[in-house]
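Take a look at this one; I'll ask things after.
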């Protein structure tokens, strides 16, 4: 197939490489022309703008957006809308909130355009070598674009989840699980780190990656990280988050679902962004008030 | 009554003041002679050592230990044991683990000595002006010493909980609850502090102390703390803990009891003692491995 | 002052009694005429509809809505809007989301009407005998209605928090704290309940209400509950929630604030509404898959 | 090598199969003679008692205990001790607490016997086809028995962790991580289950097992479980636990390590064993006391 790719960051760039390797054609655009030029060297058709990108696609067109979630998606949609025709397929491969995807799908359906929400997992490596795709939207439209997922995914690594929003919903929950799994692994290593034993963490991650119940890609990545920096002395434990974990907790709250572990994983990330906390000050002040327990002064 | 007080720290000192104010007599000892001298000025009988303290008490004697939990209690008991007689009452008013109190009680029972485990709450202020006492041990022995609790406690502020260990068990759980309540209050103020509103926390604590569902001494103490330092800028949010919260969680784990809130309160205290965490490093490293997400370098 | 009260449920009814007792006048309305009739017996002026209620108030009017949060508030506002004039004050005394209060305030400000968001705490008892009020909105409008708060609140039990939304924000956080405090207390009693000791919980709650660090109204209420049903055998541990706890957690998530204890309190409430859980089934199934651990069959 | 295996339950039996398949010889004993007879059919030498087992091993001997943790280990050790000689190696392959392993190691070291603590992961399947082994104890002794681990483990699936206790410590932490990972996965599926989408969970687990960040054996096992019972309707969400998760939390508490996610995973397991909770009753009773909120009666 020949498809258009809008957004050539780490993920979009790698997806195009993946497509080309599988014999697909890609018309590519990014506001920064550099990655498009590099991809041209691999056989992609770089477009100078969205008009040119759309003009270079056969009808019915397939356009894949791989841009940051939020207003940028709406802005790209607004720019594409006048250029697309009924029957075209527009894919949002980013981490949009599933409710926004449902709303966008309805808006585009009024123009006869099939909006597909596609959650993409497997990291930058997966995007290039074979990732995991969770797909929501019209079933007919899915079947038309299925060949690209068959090729870009690892074996059995794509799934049509059903109606609009289901792809991004699955990706959101996937990331929520990821938060919990990462925190669980990290807590384990912290316990090792505070024990009297002097473990080689790379070796521990390696043995846990081979034959254990907790083996999996995250454990392999832990081994990879420890192989570069055995005690992670070069980095600080600042844990950013990009939204899907928070959305999972919010969704759990809305649905009355139990998600204590995912929620705690998120709070520990928030906590890591602060060097001091107001709640800590309050507790310290209270202990001082009732028991005369010493406080640590700010100047100390 | 005339009783002996061993240990004249913040709590022991104030308890003696409380006793004297109610017309009791106190023979007092601390390895530091200073507080004993000050209490002599209020009518207490200072002893130079435990022998002198015991010698100044009428049989059957009542001795109250108010020393830090742990080995010091055992050491004081070992020193007192040869000095005491069957029928004497020995009180541990500190925060000992209830299982240790049960063991000590059994050991002393073999000598005919009544060992009473007494949890003391109300802070240093309560110790002096009227506190809260949770008492475990022989019922007969309790009845003999009840008059001092009747006087030293606020109205209805003492309770005989039953067999040996019950007093310290109640105190342990009391402190576990305290951890949870303090963390809940502190989280609320943190949410206020991060909101766009510019609240006067002293006033907020005041209104919440008057007529609200969450009114209570801790909220009053919060108001008191904010009255001295409106945004707690002078202190750091370092939350020490002294053991009872941990014991409550451990006991809950042993009993199969649900204590997620008390456990989380404790973990947030632990977290506050660290400026960086190993679990944070692991999560940050994992995010970098799979998604190329930036890490914060230690040098940054 | 003479004010209008719309909504005569448990809270509204008691607030009117409170007003009347302090010499204020109240014009009252509820779609159910019964409580209005009863209040007429205490001196209130019952109105048959909102028109009549408004017509019986001197300009500039003060109308207090005490209706369930959500669409009902909007519906009452829509009905009142044509009846009110610039300079009138409209109070929402319910548990509305503070963001909705801000939006409503802006909408009414366009008509010159002062919209005040008032969080009310202290339960039904407080509403009648003296409660706690957290007030947001125009400062001028607040000063006009301050006399009723001065009378209806316990001493120091009202607080002007500032701009629109601040009253309901404070109430929301108050309830979040309440969730955490209640869960902490409840966990403590569960630990007692699973211990080998045979405590009299009413007495425990009583001693903890007198002189202890954790004394407060909630502990007194625990004692009251145990006095009626010593082991709470007559009720089930189903913990409903009405929204503010969830909003507090959501707000914490939005603000990047640490609220693990409030969040866990909420999740334990959710958990209590279920007799079985899907997450439990998944964990049980996984244990069976890897370790052959027995599962409990649904039919068992 | 020729080794002795004591305990032929699911794990021990499969380990012997694994050994035999790799050309090792096994002298086997279990108080139930049945599994030993079956293993005899595969080439093992069944012993009628420990004396016979030891008598059939060449010196220096290697005996592997695969019996339930706790007193049974001590009882087997006591029986073996008079039969073994200095230089023999005794392996505890079960889930013993690492502190007990350290103590046993010291006890046996006094007799010149090398006690090795070996944590075994990979489930019953791993035991047979290739598992994961974490090994603590004397380095020299480890090197002598390394050949059996090289054969029984999957590639890179064994690790010498260092001094006595390190093997069981690693296994304990491994299981703590496992608790957190399982709960995270389970919470994700619960969110799916409460969403409006109608997902095929087997397919979801499959796509998440292929190319995603959260791929791993646990996710594959989830798919396997859903393949047998698509909505897990046949089982109840009762989550037993066998000790290592609890030990991990206790160890974290002792070390001052952050383990909120592992702790919450454990508490959710405890919660799942109860159909009603005392903490729930207390919260429900409190809500009733202050707000008149309805409670669910036990008879309802």
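Just a few scattered comments:
The letters A, B, C and D name the chains in turn, as written, and every chain counts its residues from 1.
Rule of thumb we're sticking to: a contact is a pair of C-beta atoms (placed from the backbone, for glycine too) under 8 Å apart; a residue touches a chain by one contact, two chains touch by 3 or more.
For clarity, every value in this text was computed on a predicted model and none was experimentally measured.
At the chain B-chain C interface, residue numbers used by both copies make up over half of all numbers present, so the two copies contact each other through mostly the same positions. Set against the Cα centre of chain A, the chain with the most distant centre is B. Each chain gets a centre from the mean of its Cα atoms; for chain A and chain C, those two points are 39 Å apart.
Per-chain Cα centroids separate chain B from chain C by 33 Å. In terms of their C-alpha centroids, the spacing between chain C and chain D amounts to 48 Å. Under the contact definition stated at the top, the residues of chain B that touch 2 or more other chains are 122-123, 183, 185, 187, 190, 193-194, 213, 217-218, 256-260, 264, 267-268, 271, 277, 279, 290. Interchain contacts join each chain to each other chain, per the touch definition above.
Every residue of chain C that touches chain D in the complex is listed here, in rising order: 10, 122-125, 182-183, 185-187, 189-190, 193-194, 217-218, 221-222, 224-226, 229, 232-240, 260, 264, 268-269, 271-272, 275-298, 300.
Those residues of chain A that touch chain C in the complex are listed here as 213, 246, 249-250, 253, 256-260, 263-264, 266-267, 270-271, 273-274, 277, 279, 290. Chain D contributes residues 121-123, 126, 130-134, 153-159, 161-163, 165-166, 169-170, 173-174, 176-181, 183-185, 187-188, 190-195, 197-199, 203-204, 206-219, 248, 251-252, 255-262, 264-265, 267-268 to its touches with chain A in the complex.
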